[in-house]
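Listed next: structures, encoded as structure tokens.
You will see two complexes here that share chain A, one where it goes with chain B and one where it goes with chain C.
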Partner chain A sequence: MIEALRKKAEELLKNKTVDVVYGYGEGSVPERTRPVFITKPEDVNKLTWNKYCVYNLTTYLKKQEARKLGKPAIVVKGCDAKTITVLIKESQLKREDIYIIGVTCTGIGDPPATKCEACDVNTPLIYDELIGEKIENKEFSFDERYAELDEYEKLSEKEKWEFWQKQFEKCIKCYACSSICPLCFCDRCIVDKNQPQWIDPSAHPRGNLSWNVTRAYHLAGRCINCEECQRVCPADIPLNLLNKKLAKETEKNFKYRSGYNADDELAMATYKEDDSEEIFK
Partner chain B sequence: MSKKIGVFVCHCGTNISATVDVEKVAEEAKKNNPGVSYTTTYKYMCSDPGQKLLRDKIKEEGLDGVVVAACSPKMHEHTFRNAAIKTGLNPYHVEISNLREQCSWVHPDKPTGTEKSIDLVRMMTEKTRKDKSLNPIKVPVTKRALVIGGGIAGIQAALDIADGGQEVIMVEREASIGGHMAQLSETFPTLDCSQCIMTPKMVEAAQHENITMHTWSEIESVDGYIGNFDVKIRKKARSVDLDLCTGCSSCWQVCPCKKIKSEFDMGMGNRTAIYIPFPQAIPSKPVIDRENCILFKDARKKNIKPNDSKVCRKCIDACPIAPVKAIDYNQVDEIVEEKVGAIIVATGYKELDDTSLYGEYGGGKYKDVITGLQFERLASASGPTEGAIKRPSDGKEPEIVVFIQCVGSRDPAKGCSYCSKTCCMYTAKHTMLFKHKVHHGHAFVFYIDIRCAGKGYEEFSQRAIEEEGATYLRGRVSRIYKKGEKLVVLGADTLTGSVVEIEADMVVLASAMKAQDDATKIAQAVYIQYDKDKFLSEIHPKLKPVESSSAGIFLAGTCQGPKDIPETVAQAGAAASKVLALLSADELEREPVVAKVDRSPPPVFSTCIGCFYCQKVCPYSAIESEDIKARDGSVIKTVARVNEGLCQGCGLCAATCRSKSVELAGFNDEQIYAEINALEFN
Partner chain C sequence: MEKTLKKENFNSLITGLKDKGYKTIAPKKDNNLITLCEIQEADEIHFDHIQTNNSIKEYFLPKTEKILSYTIEKTKVSIEEPEGFAVKSVVFGARPCDAASLPIMDKVFNWDCTDKFWIERREAITVVTIACDKCDSYCFCTSVGLAPDSKKGSDVLLTKISDDEYLVETETEKGEGLIKELETVFSEPPSGTPDRQVATVEKKFEIDKVKPWLDENFVHKIWAEFSKKCIGCGVCTFVCPTCHCFDIVDECTMAKGDRVKNWDGCQFKMFTLHTSGHNPRSTQDQRWRQRIMHKFKYYVEKFDNILCVGCGRCSRSCPADMNISEMLEIIATDEGQPEPVSSDEGQPVSKE
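Then we have the complex of A and B:
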């Protein structure tokens, strides 16, 4: 699989189909990988693929430093590929401006990441070239997809509130969650707006709450649950629990799953007559 | 320098002061608030002396911000802002705190109402501090109007505008103008023949030099904004060249498809496949019904061009026009583009025709149970029986006819909770027409209430009972069933408390007036709102009854709700006068309360990231995309831009924008933030 990946990258760079390949490279220890940006065909041997390739490389599509390297080919797992669908739908990317190298994936991380438990995108839903044997994507029921919320949803409203207050108290406002998020692509985040200052920038409980709630809200109906925010959070806040809950509500109320179908209309920007009104309380 | 703000608290008679301590509100407004330099209360702020007080104090006290704590800004914001203009103060430094609709009317408890009022005034004071001067936006006006619908509402509106000297484009989807009124026999309360009073108007509209008529045409799309609409009209393929055809009737006389149910006759009579809907149709030129014409059926089956089909060419052969025939089987739909400054929607209603709703009345299986409009066609001289009352099943003259009112109307279970307004009167009329034609006949009417409010209306319905001998029974009909040739009507007479059984020859249902099936489609095409019954919504039921929720688009007739002819004509005239007023100016002044997308100096250019969620949520299509370009023409960034002419200032874009890059003038982030903080920290 690694050989096929390197061969494809070499071919793309030699043919000048792309200027750069975003991929995974060996890390300093075997259990780690790091993002690599290959611009020369002779460097393709730096590319690797293993179960430690956790990053969602699509986040680099919004970084000016990476975009400056030219037209990219990008190595994506099924989960990461969903981001690309959203980015295209949200006018951040044109399909023809990117070459997608999809890799089939049976789960990453050690122990395996939560998102891999009910993975229905072992084979990416969009790609230009598929590396690895095509895997028939599994189907899960609504309840199976959101099984990780079972414990959380047993809590009363008051307990949930207390749970999150406790979690957000830990936040140090490092904004790693937003930096890593491929869908947090605004040039100026609401947190950077200071006239007026909607969100208190200091790591004070009040500001922490508004930051974390706003971050989650801004991803409602958009987040594809790559879990990167949760992975990078130095305070171990279970951010994806919030994201996943919003994804569940979005699917329940608007029959919309972010990143799955490029033709679906964005749930949070579309009014339909049969939209559920249960969410208004 | 901080603003000097004046707070004027209105008693609104006792509307506010009965449940809000206005003196305390005024006092509290000043307390701990150095920005508020003047407060007062007044019995009626909107009165002339009230406005004078406002003007005088602005000058005397040197106020540069004003909060009027009174009723909804929808009512008097305009009044107080205009008063401010007279003193030289920019009107957008005047804000309204709504103490009536939001406090006194909803909080019967005085202390709570007062407390909330104090909060609301404080919020508005804080907002006023951040108010900026705004200037009206000027937009040019295209001096033409579009009227959608060619019924009495559309015709009247078009004539009034055309007589006012402005051009009108009229679009009617049927082959002829005339609408429902052309179908009616006589009209209440004067019993004059509907067509006799309708056709002169139709002719006048057709011949008016300022009116361009598109029949057999539908609205494809409407873009643009008040004063500047771009309209695409789909001229459906008529298969007949209107310029060549003389309406000589040769074609429809030879058409072999003679058994097609006539829509104009409500299915009571037949028509041919090439037809004019009724003798007085305008234009008096036929159309080919492509669904039913055997030539078109054959062409569809063989998948060939219609003109290549040889099944039947009788109409084209009969056409005397030479050398080019007026009939063109291969004609295709044509899109006409027009620019207009104002639009009147007059798309009318449809009669409730879902017989399945009324299983107890036979559910459509009894031929002699007909609807009100069908009875109109029976009684009409141009109808299938030439005005003779004959029952549909066997053509016999009915002697006993039962009229049932409120069929659908006032019946939430059947989907129309409203009153259709016209049925009490037309049923009274029907009993008279019946009695005039069948002297020995007898009419029974089942009613819930008799609602005949209108000039001469009550007298008219009394006449039906007292002079024409109709028997009115207060109650509902529970069942109709067939017994030989008769229809047995089982009902209740609630005034005597008895069960009534009538052996009738015919039953007429006063079916509800419903919104057109595609009413929502037209509403969405022109971006106007509709209500739960799919009738188009006026912006204010009392004070703006013909204005729709989109500026420059007006409503006339039954598309807005059930109405009779006089009311429809009056509303059409009102809509026309609004259009004429709009078209009388060369430029329009628009409220500057519009959204704006951030533009910053390089290297940011705009904080907008171009996700275009704002575009997707905008109900008025006011968001466009704009490329910010470098000097060499290369695109640096594609961002959103608001078309000020289209923007209605609803603020959806501002609420949707994640990076807060859209702001609504007059409701900008700083103002909203100040309002929230005023509430939170006190």
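Then we have the complex of A and C:
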């Protein structure tokens, strides 16, 4: 699989189909990989693929430093590929401006990431070239998809409030969650605006609550469940629990799953007369 | 002063500290994190780790703190200064690298403006460290002139000498005072040379070679090469025990407000954004270069100290596997360095 990946990258760079390949390279320790940006065909041996390829590399599409390198080919897992569908839908990217190297994946992380438990995109839904044996994507029921919320949803409102207060107390306002998020692409985040100051920049309970809730809400109906925010959080806040809950509410109310189908209208940006009003109650 | 402390006496130590009016801060495990936090009992203390996720910094320079409150009535402004922020405490079981960061930062907080919040906390807090008996590949204290059993910044250093006993060495008067206060908990020093169980931390680079290289290479393509994967968040600076930049904001209504001091970090693009819209560090390579330059050149020139203790937290926690000691190894080794490139603006070139 690694060989096929390197061969494809070499071909794309040689033919000048793309200027750069965003891929996974060897990390600082064997249990890690790191994002690499390959611009020369002779460097494709730096590309690798293993269970530590946790990054959603589409996040570099929003970084000027990566964009400057030219047209990219991006190595994506099934979960990451959903980002591209959303970015195109949200007019952030044109399909022809990117070459998608999809890799089939049976789960990443050690221990495996939560998102991998009910993965229905082992084979990416969108790609130009597929690396690895095609895997028949599984189907899960609504309840199975959101099974990780079962315990959380059993909590009373008061318990939920206490749970999040305890979690957000740990936040140090490093903004790694939004920096790593490929869908947090605003050049100037609301948290950076201070006239008026919408969100207190301080890492005190009020500031942390307003930041974390606002971040999650801006991703409602958009988050594709790559779990990168949760992975990078140095305070170990289960951020994806919030994202997942909002995804569940979006699906329940608007029959929309982010990143799955390019023909679906965006849940939060499209008004339909038959939209459910349950959500306003 | 030398003593020994038996593991079975940890309970009496922590209870003793409480009785003498100390708040105790120690490593504690909570889910996937091991954090230095307030504890009530010795059982809560976690020992079997390399490094805590948070650094000792937050007990001297909190992530957020009110530095004054004000009320405005017509033309009259009343200011109220906070009190009681420096609480008599003991940080127990921090690592020697964390403790070493304190005297390094004393220099900046006692410089042209003395920071009473830092200074009063330094007086109120006693630091009892435990020498590292293990390390990982991110640790590089020995490359920045420290060691897993450095005494720098510690009031008391504990070193494991057997499975259930620690050697206790006091380094300051404050440390001696603490030991005397709780005398009964400690035993007399062992006769002969104790078997100190201290980790061997590999030396990764010659620190003497770093600054001369930095002096010459403000413009170099390595900055951009190395930082391409950086996502520009604040993790490295916030987990760092020596990064001390802060921002001051007013959280207020028209008539009253709090002036608050918050951690800030040079890796954020907003950090240097001017009101005019100009940003002198507009790209991530310039911001990464600033982090290295500040730690290994500017701070050295100003305060004669490296602003890094080799704890490795920035690399361990980096979302994109940026590794500071790897960068320093490249700098300190002549071999394999890319040639410097020039640019008209005197800025690193972000594209090859």
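The rule is simple: the second predicted complex is superposed on the first by the 281 of 281 C-alpha atoms of A that agree within 3 Å, B and C clash if a C-alpha of one lies under 4 Å from a C-alpha of the other, contacts with A are read in each partner's own complex, and residues count from 1 in each chain.
One rule holds for everything that comes next: a contact is a pair of C-beta atoms (placed from the backbone, for glycine too) under 8 Å apart; a residue touches a chain by one contact, two chains touch by 3 or more.
The structure displayed is predicted, hence computed values, not measured ones.
Superposition of the two complexes onto chain A shows chain B and chain C fitting side by side, with no clash. Within the superposed three-chain model, A:262 lies out of touch with both chain B and chain C [touch as defined at top]. In the superposition on chain A, A:155 contacts neither chain B nor chain C. Residue contacts after overlaying the shared chain place A:186 against chain B, while chain C stays out of touching range. In the superposition on chain A, contact of A:1 is made with neither chain B nor chain C. By the document's definition of touching, of the two partners only chain B reaches A:92; chain C does not.
In the superposed model, chain B and chain C sit 130 degrees apart as seen from the Cα centre of chain A, a figure rounded to the nearest 10. When chain B and chain C are set side by side, the one touching more residues of chain A is C. After overlaying the two complexes on the shared chain, residue contacts for A:59 are found with chain C alone; chain B is out of touch.
Legend: residue contacts after superposition of the two complexes on their common chain; A:198 is shown touching chain B, with no touch to chain C.
Touch criterion not met for A:147: it reaches neither chain B nor chain C. Superposed on chain A, the gap between chain B and chain C at their nearest CA atoms measures out to 7 angstrom in whole units.
Touching chain A in their complex are the following residues of chain C: 30-33, 53, 63-64, 137-138, 224, 227-235, 237-239, 247, 249, 251, 260, 262-263, 265, 268, 270, 283-285, 315, 317, 319-321, 323, 326, 350-352.
Taken together, the chain A residues at the contact with chain B in this complex read 90-92, 185-190, 193, 195-196, 198, 218, 265-266, 268-271.
The touching residues of chain A, when paired with chain C in their complex, are 27-29, 32-37, 39, 55, 59-60, 63-66, 68-69, 170, 172-176, 178-180, 192, 194, 197, 200-204, 207, 228, 231-232, 234-236. Per the touch definition, chain B reaches chain A in the complex via residues 604, 607, 609-613, 616-617, 638, 656, 658-661, 669-670, 673-674.
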